[in-house]
Each structure stands twice: as C-alpha cells, then as structure tokens.
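Per-chain numbering from 1; labels A, B, C, D, E and F assigned in written order.
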C-alpha cells in the first residue's frame, strides 16, 4: 500500500531560518547527541549548508519513480529526504530532477543512495548529501511512499521535521521540539564564541574547563622526559 | 606470456570529439545502461572530463613496470586504461609518468588501483580516475600486457574502444558501435535539454512523462494529512 | 596508568624545514618504503602540506579528554598525532581545539579517527588528516597518554619523530635518522627533476631507465595488431 | 533524559510461536518487503533461528551500562534488541550477560555493534546477531534508554514488536500487524511448499509462473549458438 | 536487446572431472595467475567444492527474472554464473530456484550478488558462492541475457568455460585452453605432493627451493640477538 | 637493509601455558584494554585457540619470500606473526608452508594479509588468523625482516612477546610484563566464574555490581508503560 500524504504540516519559517545560522555539530549537541544521520551521507560539493522542512520519500532499491511524485507535493523551503527500502548505490537523482525541485522552491536533497550529474549540480549550486555517486540509472516500476515517516541513514525522519545539513553531515530535529532545541543551540553557539576567543588567546582548555582536579583524581601523572 | 600489441586501431577522431561533448550518464543511458566501470573509480580533482581511445594495460598487483612499456605505443588522443590482475591500492602512477604520457599526447588515465603525486597532477591538470590514493610505491619485477583486451573495474575494455570519464564515473563504448551510440546519446541530450527547460519552468514530471495513469493503476493513493 | 611526558626532545628546526620542501611519496621512497601511515588518513581540504615534530596522544575510543591535556605540552612547530586505542570514527576535534592548538603554535593534526567543523577548519586553513568526518561528539571520561610512543594508522610514532603530510598521505621519520633520510630524499628529488624534464621532452622511460634488455629477458614479446 | 519503561506490552505468545516456524525471507515478503534490518547483522553461529518480543535498548557508543539495566525489565520470551546512538564495533556483550539474560528467559540478542566470548556463546547456544566481533570492552559511564522506540540497523523497532532472526538476517513485525502478517506468511509458506515440489520434479518456473508471454512482450529473443 | 543463446557448447566431461580433483589455488597457478574471480565471492558453507561448465546469466540490479529463463537452457553438469550489470547485494536466489536447478542437473551457483535461504541451501548441500547474504527479495521487471559472454566479479566468463570453486574462491578456465591447463595443474599438484612430504619431514624451503644464494645476493643479513 | 635475528629470547614456557587457559577478552582486560590487534584478523575455522611466543616477520606487499626464511629460525611453541609493509590481501600462506611450520613446532599463524588452502588448513587443524582469504599467489622478489619489532594489525609486536588468539581475536603481551599480566588475568577469570554463577542463578548485575545508586545519580528515570 503506497500513499502520498498531502498538506503535511511544515516547520515554522522563522525556526528554520534560525537553524540555518547554526552548524550541524552544534545542533546535534543541543539535541543531547541524537538526530544525526549516518556519516556515509556526504555533500557533493563543499562548503554547503542548508536548512528546511523534511519532505520525506521512501523508494524501492534502484527505482526513482516516487521522486517525481514527491515534486508535486513540495513547497518552498522543503528539503527532500529520500530513503530506499534496502541499501542502493544507484544514481537516483540528476540535473533534471534538480531543475524541477528548484522550480518548486525545494532547497536541497538528502538521499541515502546514489546521485549523478555532479558537474551540473555543482554548477547549479543545488546542495545534495548522498551516500554514493553513480552514473547508473534507476527504473520506474515500483511504488513507494511520500510524506510518511521514514528511516533515513539510521534516523527516523517525519514529514515536517527540520533538517539541517553542512560539511559535517546531516541532523534532523523533531518539529515539536524545534523551538526549544534552537534556543539551546543558540546558547551553545554564543558560549562557544566566547570560548573560542579565550582559546585563541592562548588560555588552556585545562583551565577554562576546570579539568585539572578531575584529571588528577583519575590518576593522570606527569613525568619529565629526562626522568624516563 | 606477456605481449605488447603495436599499431592497434584507434577510434575515429570525430567520434571521440563528439563523445567529449557528452556526459557519462547520458552515454551510459544511450548504451542501454551498459559499459559503466565500477563506481570506485573517482576523479582526483573536479570538475574533470575526458574522452579518448583506450590504450589498455594489464599489470600485476603492486608492479607498474608495464606502464613504461605502454608509453612507447601510445598515440595522441589515447586514454591509458590500467587494470591489475588482482586488487591493488598501491600508487602505480605519479607526476613523472604523467609528464611522459602528456609528452606523447595521452589525454588522461583510468586505473583500478592507486595513484600518487596528487598535488602535482592536479596542478598539471592531468585528469586521472583511480580507485585509491596512496604514496606507496610499486616494484618493477613482473610483466603484464599492453593493448590486449582487459577487464577494468568490472567492464571489458578492448584496445580502440572509446573511453569517456567525468565527475560521475567512467564509461566505455565499443569502437564498432560508437557511431550509433553517439547518435543516440546526442538525441537523448537534445531531448533532455528540452525537458530541463520545461521542468525549470515548473512543469511536473508527472505530467511531462504522462505518469499519472500508470501510478494510479499500480495503486498509488493520495490522502490528506488532516485525514490521517 | 596514564602519563604525560613533559619536555620531550623536538626534531631539529632546520631538518623539519628541509622536509617541508618535499612530498610524502619522495620521503617514503627515501625511507626504503617504510614509515607510511595507512591511506585511510585523508586531508580535509586540498592542497595541504605540513611538516613538524610529532606530539603524540593516545586516546580511548570516543573520548577526547586527552587532547586538552596535550595542548599544554605543545610547542611551536609540533604536529599533533592522535591514535585511539581501538577504532573510532567519532568527531574528536573541531574549531575550538584548532584555535587552541594554533595559539600554541601547533602546525596541524593527524588523527586516526573523526573530526568535525570542516567548514571552519577549512576557512582557518588549519590542516587536518583524519580517517573520518563526523559531527558526533566525544565524552571526557577516560584517561590516555601524551608524548608516549604510539601506533597511529599502522605506524609506530614516537614523540620527536618528524611527521610530513600532503595530499598523498602521511609519513613519519625517526628523529635519529632524519638527517640521513633528508639527504637521500633531496637527492632523489633532484634526480626526479632531471628525469621529469627528459620525460616531458618525450624521452621514453624504457630508454631512460635502460629497461629494454631486462624486459626482453623476462620474455616480453611485441606483435603487430595486423598479425593477430 | 534517559528512561526505562516498565511493563511494556508483549506480543501474543501464540503469534510468536507461529513466527518461529517461518523463515525471515518469507516473513519479509509477507510484510511487503519491509521490516528487514541491515544485512551487516550476522549470526555468530549457524544454523540459528529465534523469534520473540523486542526488548529495546539504546546505548551510547562504546558503553554497555544500559544492558544491565535492561535485564531487570526482561521477561521470558523477549529478544534483546540493542542499538548504539552512533556506529560502534566495540564488544558490548559476552558470556556473563548471556548467562544473566538466559536466567531471565531472554531468547536471544540482536545488536548493531560488537560482541565477544564467541566460543562460550556458541557452546551455550545463546543465539546472537551482531554487526561486529570484537574482544574490545566497553565502559559504563553514560546512560541510554530501555523499552523506548529505537532504530536498529536501519529499521524502527518498538517495544513489543515481534523480532525473528535466522541465517538470512533479522526482521521486525509491528505488534499490531502481527496476526495479519503471520497469516499471509503462512499462506506464502504453504504455497512455496507446493512450488518447491513442482520445481524439484523438473517443472520450469517459466511455465509454473506463466512468464513466457510477458518475456516475449518485453522483447526476449532466443537464438541458437550455431547461428551466432 | 536481450538474448538467450541455446545449445552453447559445453566443456568436455572428462576435463571437468579432472578439474574437480584440483583446488582453485592450484588451477589459478597453472593459468599463470589469471582467471580468479574477486575474493568477495565466498561459499555459503564450508567445505564446498564444485567444477562444471559455465552457464552464464547477466541480470539487472535487484531483478532475478532471467534466472528462471536460464533454467530452461541448463544441462547436467552446468554451474550457473550470474553477474548483475551494476553492483547489487539483493537476495536473487533461494531454495526454490535451487530445487529447480538441481532438478535440471546444475551442480552449483556462482553469483556476484546476494542469496537467501541459507539454512535450506546448506541442508540441501547445494553449493553457492556469493558476494552477499540478504533476505531482501528481487523484482521481475527487466530483461537480461543468458549464455552470452559476461564479466563476473572482475573476470570475463564465456558460456562453456570451466568454472571451479572451493573454499579459497572461484576460478574460470577458457574451454579452448582447458586440456593444457589441466595437464599443468596436475603436474603442479603432483610436484606439490612431493614437496609437502619433504617439508612435513622438516626439510627447509630455503634448501628445497635453493633460495639461500639469491637471498644473500639481494643483501639479506643474519645477526644474533646477543649482538644487537 | 633486511635482517634475520637469530636466537631471539622466547617467552617462558609455563607462562605461555598459563595464557593458553585464558580467553583473549580476559587477557585484554588484564592488560588495561591494550594489546588487541585489529578485529579484521579472523580465525579461518572455529573454535580455534592458540598461545605462543611471537616469531615476527615483516613482508613486502604481495611477496611471501621471507616466510621461508622465518621457518629456519622458528622454535617449538612459536606463533608466526606476519605484517606486510603496506596493506595486502594476497594469499601468502597455504598448506605447504603450514606443513613446514608444523614440522618445526610452530603452533599457529597470525597474518595481516591473505591465506589460501583453507580446506587443507582446516583439515590439518593448523590454526590461522588472517585479514583475508585469497587464492591469489605471491611473488618471491623482495626482502623483508625476521625477528625484528613490527606493527601487525595496528599493534606493536616484538620477538618474544606472547601472542594469544581465539574466536574473539588476537592479543599480544610484552614478555617483560607477562607474569604480572597472567596473574591479573587469572584473578579476573576466577572472579568472573563466581559472577557467572550468580548471574546464571538470576541475580541482577544491577545488584551484583552495585549500580543502582550511580544510575540514579546520573538521572535514570523509571516510568510505567501505562503512564506514557
């Protein structure tokens, strides 16, 4: 039973905009170290950075038919998130689909499978995170689902979740927790800015994070090379 | 018994020039989705794009002696295609061999093994597709073959076949079929240009490819998020 | 028992400077093809090239506490070399630690594990060779060692060894052999410059390296395509 | 926020018993080709076959503390399903935990990470499906969750789902759909028994599945070797 | 254009029988170290050993339709050799097809893709060499070829070639060279039997193979631990 | 410069005998979780268990010449430990060398490369831990070292170290620390026997290891499924 769910809720535009100012590592920390997709997803060019609402798409191995179906229900600001039902490195996506997605306002693609037309996608600056690069084409024979909950690269992704991707990887934030996570991530980001300055000025992490006592308690010993 | 075959036929220069205008994915489609080398072959810099006649070379694992032999029988417009007789990630090729190949007009290298001197090769803009990067050197102890039929990264390659490589991978076209394949690939390319324009203007693939009826026949259902 | 060794000897500054002029492949050859770290270590941006004295750090899997400890004993010109006690792809290192290392004069990082903040590290031009990229953070719970002999990516590295890394990989030279190796590597480099020129002028490696007789002895046969 | 959920519902005992008579491939087909965990999960000995109710456990990378927590809420007939929050090959599980699980009636273990004590586990005939074998131990420093929904090897698993594992892999069936799936799987199994007999008697699949017409429509041609 | 070639020539029965007495490593040596399929092909149970005539089958990724087509043209003594046109780990083959192949006298399967029903295949003692194990099923939508030349796991295989497989891997021998190769392989096997006896009696390979002089010429030095 | 070191010291026979009673995981724990070789080393048959003194051998990639050299300096009770200078999956070792090693009392082989003749080695019950299985043969062209310190699968191994291998992997113990490590490992083993009995009797690890308080301090919460 294959379905397309229309009119799924989208994430709040201002929240998405807020996440766009932050890196994946920071958001992942603000999530309590959850929500990170497997690191086999890599950007096809660097630097790349995108944030948007997840438009989910579940596809059979080696079959990209449902991507065309997904375009129709896309809205500006969506990020298309594609997961095959079993591992596939075939090239599901190229410049034609990118042109189509862009025409409908889709901001980028996250796919746990292969893509092709790298030169063209790079020139278009259409950001893509994929687990493979392959010129091998797909067929259009078997249905899948659009805008249903999926698992992509090891993480559950629901329609309407916020997806953020950069050079470090891809993270997903549940729509219902987005406001709270964004606040924590911004706080963390501000705190890191202060720490970065102090570290760049030469202050030691040992002092800044008050580590010395705990290290000693755990038994760390210092010896001089001359004494060895 | 190791042999070097001299005076192997080359592909027609105009055909090669024609293929140079086309991407690997397009040619692969025009071939009925055959001829694609395994996706472990990646360009050492991007973008990169080459087309030429295959100059084949079969080498022992970890031994690059035959590459020097191959240079002598190279002709302008050749692409050197190298396959080890068993899997090897050793660095068979670097800037000295690149200088030598370039002096003899060779347009690029495709090798199912390792290469080194990446910085220099990139600066020279000598295009290389390899399955590994390794500073580890090879020995020169055991013979192989030059200009005999080989299997490279899972595909049979015969001397004189046309090899095209770009950011998506590497494809090989039999010399005898090249004219016909080129025509089909150009037709496909022109057709894609038209489709790209329509998709970029917002037309849906669902309509452009007449998919709606077949999707419905297969049982695709649309539901509204509010009804779930 | 975890230790930090203070005041370990450093490599001679002029030797390090000498190695900085040379590529990893050349040095590896001058070492008799030893000293090369596993090729899973790749630079996070290219081109990249660094030479320095190894500041060694052994860490538990998924735990980066000791990196902060290492900063305190760092000296200008060091390259931090980090090895987990068992395989880990977690992101041990990001822009904050890079700011800290740079403030103390550390020239780069070699780590057989993951790093994050790629965009920031690339913008800072802080050179890093790692075996993984991951936004996943580490904990700070378990001790390790700083400035003790380690094995990193399959190679023994001692504090004070010279580490050189470029686009081809990473090589380590024992401090006691550095002068001799540098001389051999420079000799090789000069010799290669001469050969490069001759090859670029079209001379065949077959002639330049006197290979023809040995090839014939081994039984290489030449045939003409027309005779096949 | 780490939680242990007590008194989660279990699958019906008779349904579980029904699934125990069936292979993973058959159940996967009856599920419409969904529910299959990634094939990196392999049994530590063969043949092995288990069916039970999922007792879920989410663990930090390299930290097996929560496994001890899970034992307390285990019930006879459970299969422990363990997923690390990021990829880990460390040895989370050995004979002591197996003895403990068995004492509480747990029928087997499915873990997307490493295990150790293979000789002892094999001798005990405690069935384990894991993605790695490693003598490397874990720490007990960070919390996780027990009996919450998880993603294991790419599949969502909820407490109370039915898990079936055999030499071919691991499949999960939602508790609410179990009765219906079991019926379809049994029907399929009976149907396959009939087909197996006919095929073993020499009948061709071409005839039994009425394939000839469709193959011809798609354009399959038969030629004789003598005509080539 | 998809074809099935009927009445392809088979290898001589006595030659096949001769090869069945020999191991893959020995035959590979007798072939001058050629003909070995990639080592990702592993037997599903051990020990396993088969020799037969190659019945070739080229299949699309994730589509096993052509296997049913191949059964019809199988003859007793054939070994089915299956290669997907691009990499696939899907489960193409299980007990039903095994029952069918056995009914038509096929001696085993070599497939550069996935198989399932391991427990049943093992119990049937139907020998299979595959590159993956997966319960994931295939579709039957796209044609391929039967009894045409293919490349399987990196080696060209023609209908009628002799295929031998054991615990070490899979090797292919061209039909036209089979008699000569068999003779060399038998000679090598006899010679090894003599060597095995001498080595088992304690004679050193250094003496038996006359290695001492050549080792000394290359510069091997012996030192005593006490002198270090 | 290639050397063979004669008369290297061996580990104490009684210590080796003591380690033979213990599993790799237990010894690895007694070593403070050090000394474990990379988990890519797997036994060719199971169960397998060996302990002995390391006879070290460093070999070029794809070249097994030095194995013959190593046999001459082997002594009863040695375990041959072989490391290539760069990664290699070639089959370095088969039944002839096994017959030779056994004739000289060598108890087993640990090799970070490929082996062949699996059926014969298994029938001989000659225990082997390798990182690959391959029928592909090696050459005998380049020297290496015997009985010098090496790095095998990521661990330093010195001649005379004690090597223990079982189904879980391979661990190395420095000769000078062996007595102390053995004592700790035996203590641990005795302690585990007591724990195993208590766990098998149904006692919870939570109680036996006094974990409840620390879990609560870290914030673990228990909730009832009915309250969710």
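Simple rule for what comes next: a residue touches a chain if its C-beta (ideal position, glycine included) is under 8 Å from a C-beta of that chain, and two chains touch if they have at least 3 such contacts.
Bear in mind that the values here come from a model prediction, so they are computed numbers and not experimental data.
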Chain E and chain A - chains in contact with each: B, D
Interface composition of copies chain E and chain F: same or different, split at half: different
Chain pair with the higher count of C-beta pairs in contact (B-E, A-C): A-C
Where chain B and chain F are represented by their mean Cα positions, the distance between them in whole Å: 43
Chain centre separation (chain D, chain F; CA means) in Å: 31
Of all residues in chain E, the ones touching two or more other chains: 1, 33, 36, 39, 86-87, 89, 134, 136, 142
Pairwise touch network: line, ring, star, complete, or other: other
In contact (per the touch rule at the top): chain pairs: A-B, A-C, A-D, A-E, B-C, B-E, B-F, C-D, C-F, D-E, D-F, E-F
For the chain E and chain A complex, residues of the former touching the latter: 60-62, 86-90, 134, 136, 139, 141-142
Interface residues, chain F side, partner chain D - complex: 23-25, 28-29, 33, 36, 39, 42, 46-47, 49, 166-169, 171, 192, 195-196, 199-202, 204-206, 209, 211, 215, 218-226, 228
Parts of chain B lying in touch with chain E, wherever the complex brings them together: 1, 32-34, 36, 38-39, 85-87, 149, 151, 154-156
Chain B to chain C touching residues, read off their complex: 1-9, 65, 68-69, 71-72, 89, 91, 94-97, 99-100, 102-104, 114, 116-120, 122, 132-137, 140, 142-143, 147, 159
